[in-house]
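The data blocks that follow each hold one structure.
Heads up, the next two complexes both have chain A, just with different partners, chain B and then chain C.
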Partner chain A sequence: MNYEQARMKFICDEHRCIECFGCAVACSEAHDLPVGISRRKVLTVFEGIEGKEYSTSIACMHCADAPCQKVCPVDCFYIREDGIVLHDKKKCIGCGYCLYACPFGAPQFPKNGAFGTRGVMDKCTLCAGGPEETNSALERQLYGQNRIAEGKVPICAAVCATNALLVGDAEEISAIYRKRVSSRGKGA
Partner chain B sequence: MTNHFGDVAGHSKLIFIIGANSAAANPIGMKHFLQARDRNSAQLVVVDPVFTKTAAKADHYLRIRTGTDVAFIYGLLHVIFKNGWEDTDFINARVYGMDDIKAEAGKWTPELTSDVTGIPADKIIQVATLLAKTKPATVVWALGITQHSTGTSNTRILPILQLVLGNMGKNGGGCNIIRGHDNVQGSTDMCCLADSLPGYYGLDEGPWKYFAKSWGVDYEWLKARFAAPEWMTAKGFSLAKWWQGVLQEEKTYSSSPIRALWVQGNGITSMTQTAKVQEALDKLDLLVIADPFVNEAAVITHQKDNIYILPVATQFETEGSVTATNRSAQWRSKVVEPLYESRPDQEVMFAFAKKFGFYDELTKGMKMGVKDRQLTHVKDTFSWPDDASLEIARTIKTIGCDGWTPERLRKHQENWDMFDPGTLLGSGPVAGEYYGLPWPCWDAKHPGSPVLYDIGTAVNEGGMGFRNRFGLEHEGVSQLPDRSVTVKGSRITGGYPEITKENIETVLGIQLSAEEKERMGANWKVDFSGIIQEKCREAGVAPYGNAKARVKVWEFPDPVPLHREPLHSSRPDLVEKYPTYADQKNNFRVAVRFISEQKAQEWVKDFPVMLVTMRVVNLSGAGMLERTSKYLSHITPEMFAHIHPDLAAGKGLRDGDMMWLHSPQGTKIKVKAKFSSTVTPDRIALPYNFAGVMQGVDMSSNYPDETRPYAVGESSNTITNYGFDIITQIPEYNAGLCRIEKA
Partner chain C sequence: MMKKYWFVLITSLLAASIASAADSRIWGGMILANILAYGQEHATRLGPLFTTLQAFYFRKIFAGVLLCVPAAFLVHYLVLGQKVFSHDGEKIFVFSVFKRLVHWLAALAFIILIPTGLMMVFGRYLGGGTLVATARHLHGVGTVVFLVAVIPMFLFWVAEMLPTRDDMRWVLMAGGYLSRAKQEIPAGKFNAGQKMWFWMVTLGGSGMIATGAALYLQDFDYGAASLLGLSQIDLLRFCAIVHNFLAMAIIANFITHVYMALFAIKGVISSMITGYKEEEEVRFLHSSFYKKLKGQRQV
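Showing the complex of A and B:
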């Protein structure tokens, strides 16, 4: 048993992900996102190429040394003790620096207005809301559900059909993934 | 499914998936196949004309030419028999007619099979070797196998493969046919079909009389409801070709053309020949649609009047049982009251019955019950859904629904956490029972049967032999197995016939009292008294018998399955060698073309590209429900076809260009080209999940206000080629041809 503070992480097992889009649709539905804002994306690489094709699901990876936080000119990001990277939409100016810094394409910007002016940035919160009062109407409106505060698993992993998307303490989910990989063989 | 998903995940060493894209059609089922890989090092073999998302997870992917499944399996059997890899003990003890299969398999050398199927000969030998050396192996299929003009042969050759390998009745083995929609197994068991009463009883006079008794109505009254007595036992029009009942272009056999159509809970636009469906809808006097979402039948017609759309509640707004793909019943509670003016399905039917004047007769069965071993009127009112469930339990004996009382099913629902997902076995309050009491569940004490045909388990604990369905003898050969096939705990050594009133004393070695004789029904299928089952329980005997499986069906046009080329074949040279059936005079009240269609012209000259239809993961059926979700529509906002860049290049098409696809039936659809390596240049693949656009004409202005889905589009079914199975009349969705033109 590990008594250290948990560090929350996602892993997507590409041997399990079948591109069903369940995670992405559940995320959009749960947080009532505008169409086109993809907090979570499902990608297939080498589609149709035998032996190479795989699918995976990507969102904010909640980095320990989050590049988004490092480049933000208004310092709107903060990292919780459990490792969840969140941001304050009231501080965000929609400049888009974080999008350039992020290796995963996690930050999303609503395109509204005639010239596609950027709105305030939106991204995966690991279903942990934002800086507003926990489970308040304002938090819900700005950041979507706060399932972590309710003791629930993030919706994307909760609905994953094949248990490809794992979420939780980094130590625990890497143990699950390691067990899978080590028992996975190529013959009976 | 003969087994269940947990069983596959826990035991299968090889999963042979043919004509199923579970990653798109049943993601939860797919999880168990992937778990089997992680837990048992199971290998995944995927056979499909298209490199699907399921194929992407395969250890061995075999790209088959459409409509050649029977040839392919014979190719595997050829290698297996040639090397003596068949399970001889199993075949001798439990199978009848295997010599005929062996003779046919002898013709299908790897080279011939390769020429017909397009699968390399070394791959055929490799997979046959894997199948023979890896036990237990399970075989998985879905609509890619059934939806063909040879669908019946396809669905027969796969269990034959499992019988040859001795994989039936075993953990990790069996034939696992994956259902793609909620409660499809349940609606099949209730026979929402034109050729059978519920529970596969058929339409003969005997079954009608049995049901009349169970419903508490006079048989003569029922008979008088038909235009003439002969229609009572004749098959009705099928879902596949009902439109001929309206149009009557092909010869039909009915007392009248169809003038009114009532569609409840059925996406008739997800059937093939949509252009014909449209013509038929245009000609109807009356169309009634009853669905939670607007059924496109009401949208693709040009009629402006005499269409009625009734809002029906969803499953969350009503209560009752559904049947899962593994034969388990699941009880569901009502979550919310029906929204707005919508009503549950049964309420709509009750309201109609009242207007038509037979409400009392329709609901009388729910006031009947078995008292003192006799079926009788037991109460004056009924409560939904409990009394409907009780009616099913006491009537549907063929598949063993006797034990499915609402009390037991509710208890299973309330104790979900007490069942082991790997074995389905319960503990605590549901100790000793399998989740959802998978049928056959012979009586109220039976735990359900998680794995069919398992003779290593006692009947009263879920075991059984094969059913005695086809008589005791054929051409002088007994259809009962010898003493080596004794079901565990059975009083009878070896095989035994299905139990009837006439043979029960001899077979079970018992003496019936006069009262028992008087109350007992003629056989186990129609015995309301329950005495036959009671005696069978005491003897550890399955009422349906313990017989051999037969691999030749002497009543069918092909007693052993034969390869027959699709009606619209990409290989005219093979049409000569493997022609389809002779034209069918009357099946489901209508003539069906086979050879005349196949030989009408050399189709591949004008239609050189193979047409494969498929499902996308975010839409099901015609997408009636899912296309009303903005998020699901966003994934595939418009209709498209997967096309290989090499094929597109020859047509001057670039990725994203629009193209016309023309069919041999003279129909066409306009869709977007989506470059993809999942298909080879000889074929295209397109989803059947769109509707609302017909041959280039957008009909979506016909949706009532505020009901237009976010995505509308052409359906592949508008250009699927003519063709129907010779037995079931399921349409040919998956082996056809088309011509591509730049739009």
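Showing the complex of A and C:
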């Protein structure tokens, strides 16, 4: 196992997700997110069509070639060595360009700016906080918990009752997913 | 009693924000269709297009406009120099007080909008944060000022800005700005260059207001997206692309306008301050207008 090249990723196993919304609720609760903001969402595809319907959980996918980072006019994004895509809320101006670049609709904008205007961007941090001092009150206030620094699994995956939501080094979680696919014979 | 009112106010505000989150056109049910369509063969591909343009081209083109247009005019100034007309002749009244006020209100809007817009484009060199975020808010304030100015401006000048036969001839000779010779230039009250700037400000400016408002409001539904057959997120991508390209064209023309008013012809700015133009300026630079005035025995 090569920890130096670890690259943190989420995978949601669509054959296990039971649309319980546990991940989304846990995330909003753990990070004290304002009303209207949900960093993680549970989505159901082909709803009501027998045999085709499935659910999945989605948040920031922490892209290797993150388009949000490419388009940001103030260059507030940074990608950690372990692949977690984070941003600096003190630099962000809330322009919305990252949302237009994102394939997953992950960036959101709480209306907490001056006079209720659109504030700075908020998104999933993979429970790794932000650029402020690790586990400081400011980091907690701006970005939520830093569970990664405490050696804990991100809260969404930690509470997933069916272990559908996997998080960790890309190679390791794909190995788990491959094993599941081969044992049940479907779902590649 | 007071407490009760506060409670009602706060709960209703909270309820409104929950409702708006539930029927969001970006993060609501539409999110799925957008994720599945992203980069697909059948999709609009506006997401990858916006990403490429913003990541690699917009900033460079803005820098190019800001360097090349003034550089071209500097060369023009050094090689051909100012046009000088007599300020001793008769004066011709061209701009009423109202028109001048509206003009300077629009000018104020441009002085707010262009620097704040460029501060966002080049925000990474300013470190982002409060400074650039303040520029973003001022950009919105400037839009309101511009909106107030552009409507009367369009109405009182539109008839005089319609194309005439002089315009093609003016364009072919570049308005006489490529020669030092004092010659009669084919133009009515406004020449083809001024008309181009007028349409850039009114039509282009309306495009800037519309696309800018969409980017500002973000999560709204006035039927614009469905009219264009786009999802809300693709409408925003489209608006961001159009807003940037229009901005480049308007900034290039704004620099031209300022050069013409301040440097190309000596003292010509006084017409927008006093309302009077020099007779010799009108005779040479707006020859058709001059002939018309002469026919009406107004000069």
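Basically, the second predicted complex is superposed on the first by the 177 of 188 C-alpha atoms of A that agree within 3 Å, B and C clash if a C-alpha of one lies under 4 Å from a C-alpha of the other, contacts with A are read in each partner's own complex, and residues count from 1 in each chain.
By definition in this document, a residue touches a chain if its C-beta (ideal position, glycine included) is under 8 Å from a C-beta of that chain, and two chains touch if they have at least 3 such contacts.
In this text the structure is predicted, and so the values were computed from the model without any measurement.
Trainee: With the two complexes superposed on chain A, say which partner A:Pro73 touches: chain B (first), chain C (second), both, or neither.
Mentor: A:Pro73: touches chain C, not chain B.
Trainee: Where does A:Lys90 make contact in the superposed view: on chain B (first), on chain C (second), on both, or on neither?
Mentor: It touches chain C, and chain B stays clear.
Trainee: A:Cys20 in the overlay: touching chain B, chain C, both, or neither? Say first, second, both or neither.
Mentor: A:Cys20 sits against chain B, while chain C stays out of touch.
Trainee: Specify the partner with more touching residues on chain A, choosing between chain B and chain C.
Mentor: It is C that touches the greater number of chain A residues.
Trainee: Between chain B (first) and chain C (second), which does A:Ile49 come into contact with in this model arrangement: first, second, both, or neither?
Mentor: In the superposed model, A:Ile49 contacts chain B only, not chain C.
Trainee: Who does A:Val35 touch here: chain B (first), chain C (second), both, or neither?
Mentor: Touch status of A:Val35: both partners.
Trainee: Once chain A of both complexes is superposed, is A:Ser183 in touch with chain B (first), chain C (second), both, or neither?
Mentor: The answer is first: A:Ser183 touches chain B but not chain C.
Trainee: Looking at chain A, which of its residues have contacts with both chain B and chain C?
Mentor: Touching chain B in the first complex and chain C in the second, residues 35-36 of chain A appear in both lists.
Trainee: Tell me, which parts of chain C touch chain A in their complex?
Mentor: On the chain C side, the touching residues are 14, 17-18, 20-21, 26-27, 31-32, 34-36, 38-39, 47, 50-51, 54-55, 59, 120-124, 126-129, 132-133, 135-137, 215-216, 218, 233, 236-237, 240.
Trainee: Applying the document's contact rule, which stretches of chain A touch chain C when the two form their complex?
Mentor: So the residues of chain A in touch with chain C come to 35-38, 41, 43, 45, 58, 67, 70-76, 88, 90-97, 99-105, 108-109, 111, 113-114, 117-118, 120.
Trainee: Sort out for me which residues of chain A touch chain B in the complex.
Mentor: Going by the criterion above, the answer is residues 15-16, 18-22, 24-25, 28-29, 35-36, 44, 47-50, 53-55, 161-163, 180, 183-188.
Trainee: Name, in rising order, each residue of chain B that touches chain A in their complex.
Mentor: 13-14, 23-24, 27-28, 30-31, 34-35, 37-43, 51, 53-57, 59, 61, 134, 617-618, 629-632, 634-635, 676-679
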